[in-house]
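Below is one structure; the comments refer to it alone.
First chain written, first letter: the chains are A, B, C and D, and each begins at residue 1.
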Amino acid sequence: MRPDSVRYRAAGRLAQVVVRRAFAEFVGTGLLVTVVIGSGIMAARLSPSDVGLELVENATATAAGLAVIILLVGPVSGAHLNPVVSLVDWALRGRRGGRDLAAYVAAQVTGGIGGAILANLMFALPPITISHHERTGGHLWLGEVVATAGLVALVFALARSGRAHLGPAAIGAYIGAAYWFTSSTSFANPAVTIARTLSDTFTGIKPSSAPMFVLMQLVGAGIAYGLIRLLYPDRVLADR
Amino acid sequence: MRPDSVRYRAAGRLAQVVVRRAFAEFVGTGLLVTVVIGSGIMAARLSPSDVGLELVENATATAAGLAVIILLVGPVSGAHLNPVVSLVDWALRGRRGGRDLAAYVAAQVTGGIGGAILANLMFALPPITISHHERTGGHLWLGEVVATAGLVALVFALARSGRAHLGPAAIGAYIGAAYWFTSSTSFANPAVTIARTLSDTFTGIKPSSAPMFVLMQLVGAGIAYGLIRLLYPDRVLADR
Amino acid sequence: MRPDSVRYRAAGRLAQVVVRRAFAEFVGTGLLVTVVIGSGIMAARLSPSDVGLELVENATATAAGLAVIILLVGPVSGAHLNPVVSLVDWALRGRRGGRDLAAYVAAQVTGGIGGAILANLMFALPPITISHHERTGGHLWLGEVVATAGLVALVFALARSGRAHLGPAAIGAYIGAAYWFTSSTSFANPAVTIARTLSDTFTGIKPSSAPMFVLMQLVGAGIAYGLIRLLYPDRVLADR
Amino acid sequence: MRPDSVRYRAAGRLAQVVVRRAFAEFVGTGLLVTVVIGSGIMAARLSPSDVGLELVENATATAAGLAVIILLVGPVSGAHLNPVVSLVDWALRGRRGGRDLAAYVAAQVTGGIGGAILANLMFALPPITISHHERTGGHLWLGEVVATAGLVALVFALARSGRAHLGPAAIGAYIGAAYWFTSSTSFANPAVTIARTLSDTFTGIKPSSAPMFVLMQLVGAGIAYGLIRLLYPDRVLADR
């Protein structure tokens, strides 16, 4: 039987770990939004005559930055950086740990907002400017479904086949490609979508366009859940 | 002696595995075509003034997307995603498993068609539009021979030297380069060639140009088969 | 008891090792500056009509070149190539080895100066030309804080989690992204900042702008130190 | 005592292996030249209005293609693909195996010529056209010295520290960067230099400019030899 002092200390240590993991999600999602919005502002300022070149610049920086951020916080929190990733993780783990899920999502959303403010300030803009960039229409919504389904399926295909160490490069590469092959330029992340309403710049999204984007992201996550159950029915295959 | 019920169950499980593998080829080839056509549409819309920049955008997205798709379905089906890869695999394995080959090719071709439709819909186009992009002439055909020979030789050089885990990055990089160093921009895949007749956009190919492309891809695959037999005469060398 | 001759020889060997490590830092930092300044000159000459494209060229070459330089000298010196990395390394190791720190910083600064001269000469410019490129203002300083904090946090997140072998690719990718997502284009290195005052070309910085950049890099390094203590309180986690 | 028939068979097998290795160098160097010249032609045709963008396209395709070619033939021949790499390899191995060195260099030079012809034909040009692109001057020669020294030092830094498996990605990245940070766009390879005299296109070099380029490459290789002896005095350090 452990004396009370040990039990209290263990509980304190556990709480500390949960706080540290949520803090890692806060920092990681914040940096991700800073990368997305910051590189978007830089691209629009430096390459004003070709929107495609702006997207090259924005996509390349995001792909490399995302890979690096996953490396930065991965060992601490798993680097979800995305509420739908946390949600599907929770579902695939048998829906246990709802409080952890809530802590992760809260950290991701607040981190994302912080990241938008940091990006705006770095480029001498007011801390928050509401985006006027309308993004609406069935084809864009289909784009978000595809973008999110692919992202979430990739994350858990790697996890379920013992290849999580490939996550940073693979997920960075995926987003770099998805900026181009989806019509919506692949938001694929509710926390990032909310944060991107707060910068009236290249990567912004009008608040009225955000709810449908988030809804479509949830639909895409549901499709990914089904795909993973079909393609990787077992928890973990052998590492290749 | 196993009772009948066990034998039936084992057969059912095997069938399930074959279906799952074909389904993985269907999903993977579909996504590949979505990436190729989708990023081509995006590139042509956003960078209308420089065809080279459009090809940069299309090639980079395809390279990254292909690598990721191989990661996504590789552990399930081996991620052939290409009838000539399946064909050479079958030949190098001593021409056994003809039914699996047929299932793979059927999944690849139908998946590719599905991917073309999805790409068209994501960009608010009719589900199918027949391409008017004529691609014909001896130098382009030579380009397809070179592109396919290099691709197939690479795939089996990796497999035969215990380096299959490098396939995703290597094959993505190969296609990203081959878009540029071959005159035909490296179709190198009969299923993708067929699918690309169904989108009258940047990456399309006129149906009348497709048969010679497919024929040249088969010639290239034959050359790759010979190269592999010369360079890697043994099934598997030591892993480096 | 070891005879004196052995002790002298051991001391000689140690000195030789310290010299070799400092020499590696000299060569590595020199090459890094050559890559940064050289590719900047090439970019400005070949793409005069789009500053964004120039930064694409400069950032891509720097990212790839930095990764390779870390591979080149990493096993010898650890490839700090940056006084603030050496400084935080010293702090995290309990502030022992001040003489090694001094040798590293001296090698980095002199190497950087050598690299600037080499770049100028390769492009048929005088060995040294003082930059007139003013880089000043609170938002740029914030950019340097963010850039350096991210860089240093990444370096030690990898080191403290048994993933130092990912350093070359990760740090290259980080700098490639940070050129875009920070307003200052991410100098993030006092030795490189000093060297960049010596080339009046694309990547130059006016000497009067340099001190505040270096100060902000120190602030960023301090933030990274705190982040690492919070996220990776233990010296080394298990390798993933 | 082995009977004669066994000895004869063993000698035959050895000869076969030497032929196979030389054949791998022939194929690999040929493909490398095809990638360099082919992507240069494509770039010049598709992006006629910005030389920098042409070099982006050429450099990216070369970097990715080179990495892949090293993977393709590496397990067979070591993928030198470059006479100065073979030369320094011979010097660092104690100058034994002069006949192997000669076979490698012959295979590289003839392979390179074959690759130039293939590239020309793929783009509907005569098999051989002599380049009129003059590349001369002290700053370009200095560029070649730096480019070759860096390349050769990298190759043997990896080999001597048990990291040869990083060669494909590292050497590809190096060349991709060196196209930009050296004034000569980094030929760094006598076989490729000779081959590039045979295509009057973007990446060509006038025959009269080639000898000084080759001489400077030898100088660079000598510097690399010295650097390796200083930084990596032992044959093989521990794998990291």
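Please note the rule applied: a residue touches a chain if its C-beta (ideal position, glycine included) is under 8 Å from a C-beta of that chain, and two chains touch if they have at least 3 such contacts.
Just so we're clear, the structure is a prediction, and the values are computed from it rather than from any experiment.
When you average the Cα atoms of each chain and compare centres, the chain farthest from subunit D turns out to be A. A straight line joining the Cα centres of subunit A and subunit D is 41 Å long. Spacing of subunit A relative to subunit C, judged by their CA centroids, is 29 angstrom. Shared contact sites, meaning residues of subunit D that touch two or more other chains, fall at 50, 53, 56, 60, 169.
Viewed as a network of touching protein chains, the structure reduces to one closed ring of chains, two contacts apiece.
Pairwise, the chains that make contact are A-B, A-C, B-D, C-D.
Subunit D makes touch with subunit B in their complex at residues 20, 23-24, 27, 31, 34-35, 38-39, 42-43, 45-47, 49-50, 53-54, 56-58, 60-62, 64-65, 67-68, 71-76, 118-119, 121-124, 164-165, 168-169, 172. On subunit B, the positions that touch subunit D within their shared complex are 50-53, 55-56, 60, 63, 137-139, 142-143, 146, 150, 153-154, 157-158, 161, 163, 166, 169-170, 173-174, 176-183, 227, 230-232, 237, 240.
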